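Both complexes shown next keep chain A, but they swap its partner, so chain B is in the first and chain C is in the second.
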Partner chain A sequence: MATWLLLTLAAAAADFQDQDKQGHPTRAVLLGGSGEAHWNAGASVGSPWTTVTVQRGLRGGWTPLAEVQAASFARWQPAVGVGKRWIDRRWRLTGEGTVGWTLQGDPIPFRGPAAELRVKGGRAVGRFAPYLHLGMRSSRTEDRVETVSGDILREEARWETTLTGALGTGFLLTDRVGIDIGLDLPWVHMPNPSIPGMHIGVQTGWGRNQ
Partner chain B sequence: MNRSICMLLLLCGCEGYVTVVQPVEILGTIATADGHDGPVRLEVYQAWSGDGGLRYPMRFIDASWVSTPGDFTMSVELPVEEGEGLVLYGWQDRDGDETHCAPGVDDELSGAAVISETDVPDVVDGDLVLDSPCVGATRLFP
Partner chain C sequence: MHTHGVSMVRTILPFAFLIACGPPPKGVDYRGTRLAVVDMHLHPGDWQQVPESTQGYLASRFPFPFGLRPEQVAEGVLTGEAILDQLDDAAVSAAILFAVYAPRTVGVATNELVLRERRADTSRLWGLASLPVDRWDESSEAALAALSEALDNPGMVGIKLAHAHMHFRMDDPAYFSIYDMAVAHDAPVYLHTGTSPFPGTRTEPEYTDPAYLEAAIATHPRVQFILGHMGYDFIDQRPGDADTAIDLAVRYDNVWLEPSALGSRGSDPTGTNLPLVLKKAKTAGVEARLIYGSDGPQSPGFAADYLERTLTALEAADYSVEEAQLILADNASSLFGIPTFKAEK
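Right after this comes the complex of A and B.
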C-alpha cells in the first residue's frame, strides 16, 4: 500500500509532457508508456519468444496497448491492456496490466483466458536504453473428462502461473527507429527452472508532433 | 457469419486436456486359496498402454479396498485413448499394515484376473482368486 502511494505521488510529480521524456519509440516500448498522442510499435524475434506490440499514449501517462506473444510459434498469447508511467524522471518505471488468452496445442493443450501484471523499468543512457521487465502471468483452462459418446463427466480448472522477465538494452538508431537485444526469462510452471531465451527487436513510432 | 462465430468460440473457449473414458462396472467375487478372511486391496489396470516400442503392460487405473473376500462391485473409468484391456489384481492384507508383504511377512496372498486384453464391455464379471503369496501385479501379467 505504501509502495503504491509512493509510486502514485511520484507519478503525479512527473512531467509527462516533456518531449524528451515522452521520448523515443524504443524508450516507449522498452521502458513503457508512450507520450501523449504517440503511436508506438515494437516487434522482436527470438528463441523462444516472438512478440509484436502496438501502443498509444494518452494524457497522464496512460498507454493502452495490444500485443501478441508467441513461444516457438506453438504457444500464442494475444492480449490487450493498459500501461501507466509511474516514474518518469532520470529513471522510468511503468506498470502494465493485460488481459488476453493463452492458446497452446498438443501435446500440452491449453486454451483459456489469461492476465498479466508487469513492471518495466530502465533509463536512457545516451543512445542506449537499458531495461528490466518483471511480471507475473496467470492463465486458466478447463480439463475435461468425457465418455466415448461425448457426455461430459466432469470438468476441472487448471491454472498456470508464469513469472516473466526480460533484461536487455535498446539502442536508438534514428528519431523514429530503434533496436534492442535482450534475455528472456519466462518461468513457466514455477518453481520449475526457466529456460532462458534471447531476442532482438525493433521499435518505431509516429505522431510525435500531435 | 456462422463460421466467424465458430472461429471466435474456438479461440475464446477454455479447453485443456480432454480425457475420453469408458465407464466400466465390475461385478465379481474374490476368493482366497486358504479361505482366510481379511481386507483385500483391489487394483484395476489396463492390460496394455502405449504404441510401438513404448508399449507396456499393466497401466494402473484405480484401486479400492473390500473388507473381506466375497462378492464385490467396483466402478472405474478406463481412458480408452491411452490403453486397452482390463486386468484385475488383488492382495489380502493379513497384518493390517496396508502394505503388501512388508519385510518379515510372506503369507499375503495375491492374484490376477485378465478380463480382456482388447475391448472391454461396459459391465464385466471379474472373479479373482488369491493364491500366490507376495507376488506383484506385473509378475502375474503378461
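Right after this comes the complex of A and C.
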C-alpha cells in the first residue's frame, strides 16, 4: 500500500516536472508568464485581499495581464500590465509591470493613478509550486483641504508608496486546475504597520494546445 | 527597513498572544523588579460621535487594513470590555477613562458613557468627568451642575479639560468656576497641553501653552493640575512647551506631568522625544511628579506598545525603580484615591 502510494506520488512528481506541464495555470499565475497562446485566470479570496487575474501568453515569454485587487472591499486596485518570463527552468523568475488605479472611499479617501512593478519567483516541486512575490506600488491622489463650510482651500498631490509581497505555495490538482494558499505582506501606508493577510486561490487555463 | 519590520512584529504580537493563551500576569519588569501599572489616560467612546474629519485622521493611523473599515475596529477597542482586553494584553492593572465634550473636534464621550463602560469592571476602571463649555455665558450653570452630579458618583475621580479641543482660553477666568468645582469635590483636573494633531483644534498659545494655565494654578493651590502631554507639539512632533510644563511643576507643588501620546510611534517617529522630556523632568528634580498614561486605545495593541516605549524611555533617562513605581502606578493611586496595585509574579 505504502509502496503503491510512493510510486504514484513519484510518477506524479515526475509528470509535473515535464516541460509541457510548465505551462500549468497554477505556475503561470503564481510564478508568472503563461505559455504561448495559453489563457490563464486566477482568483483568490482572503483577508484583507481578494484578487482576480486574467493573462495570456505570447511568444518569448511575454504575458499581457489584467487584474483587480481589493482590500476589505474598501480599497480597489484595477490594473493592466505585462509580464515577461526571465528564467524558466527548474526555477522560474518573472517580472511584471502594471498601470491602473487606486480607489478608496471614506474615511481615508484616495483616488488616483497607480503603477506597480513586481517580481514573481518560485519553482516546481512535484505538484507543489512554492512562490514569492515582491513588488513596489506607487499611487497618487489629490488631498482636498476644505473649510467647515465646504469651500476648497487648496488641493495638494500626495503620493503613496507601498511595498507588496506574497509568500505561499500552489498545488496542481489536475492538468487545468490548481489551488494555492499564501500570506500577503503588503505595506500599505508606510510607516504605519500593516497586518499580514492570508488568502486561498484557484487557477485555471485553456487554449494550451493551440 | 529594520525598524519597520520590528514595528510590524510588535503589532502582530498582541494578536498572536490573544489567540495563543490567556492574559499575562499584571505588571512589568523594570530593571529586574516587577512593577504594577495604572494607565491614567484611556478613551472609551462611540465612533458615531466622532466628527468625520477626525474619523479620517484616526483611521489613517490604524494599521492597514483596519483603517479601511475603522468603525469595526473602533467598536472593538472603545468599549469598557475592549479596553479591559487591551489592559490585560498590556499587563496593566487599572485605568482611568476620560469623558470628552468636544463636538467640533475629537467628539463626545459623555459622563454617562464613561460610567456605563466602567461597569465592565469597577475594580479596575475609574473615570474623569467633563462638561460642555459651548455658549458658556448661558449654559455654565447647567453644565457645572451636571459636572457636580457626575463627580458625586464614586467612580468619577477627577475632571478632564482640553482647551484646544473645546475652544476656550487657558487663562480665561470665566471658566475658573470649574476649578472651584474641583476644590468642592477634591477632584484633580487633567488638562490637555500642547498642540493637538486633530482637525479643527485651536493651535494658538492661549489654548495650548501651559504658561497660560499659571493664573489658574496659582489661584487654586488645593487643586491638583495634571498637565497632559507635557506641552508636546503634536503638529511638528517636537517637545514644544515641555520646558514650560516642567518649570510649572518645579514652581508649584500642585502640578503633575503626564507624558502620554507624545512618545507614540506616530507622534515620535524617531523615538527620541519621550526620553528627552523624561530626562528634562529628572534634571529639573520633578521626576516624582510624573504620572503614566498612554492616550489609548487608539488601535489594538497600542496600550501595550506605549507602555513598552515608556519603559524604554524611563530606563534611557535613568529613572530608578522607586521613581518608576511612583510614575507607573502609585502616583495615580494617591492622586485619584483609588486602591494601590501590586504587580503579579
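FYI, the second predicted complex is superposed on the first by the 180 of 210 C-alpha atoms of A that agree within 3 Å, B and C clash if a C-alpha of one lies under 4 Å from a C-alpha of the other, contacts with A are read in each partner's own complex, and residues count from 1 in each chain.
Please note the rule applied: contacts are C-beta pairs under 8 Å (C-beta built on N, C-alpha and C of every residue); 3 or more make two chains touch, one makes a residue touch a chain.
Everything numeric in this text was worked out from a predicted model, so none of it was measured.
After overlaying the two complexes on the shared chain, residue contacts for A:P186 are found with chain C alone; chain B is out of touch.
Applying the stated contact rule after C-alpha superposition, one finds that A:A74 touches chain C and leaves chain B untouched. Legend: residue contacts after superposition of the two complexes on their common chain; A:R144 is shown touching chain B, with no touch to chain C. Looking at the superposition, the partner that touches the larger set of chain A residues, chain B or chain C, turns out to be C.
In the superposed pair of complexes, A:P196 makes contact with chain C only, with no contact to chain B.
In the superposed pair of complexes, A:P48 makes contact with chain C only, with no contact to chain B. Counting contacts as defined above, chain A residues 109, 148 meet chain B in one complex and chain C in the other. Contact residues on chain B toward chain A in their complex (touch as defined above): 11-23, 77, 80. For chain A in complex with chain C, the touching residues are 48, 71-72, 74-75, 104, 106-109, 148, 186-197. In the complex of the two chains, the chain C residues touching chain A come out as 4, 7-8, 10-12, 15, 52, 55-56, 59-70, 200, 265-266, 269. Contact residues of chain A toward chain B in the complex are 101, 103, 109-113, 140-148, 153, 158.
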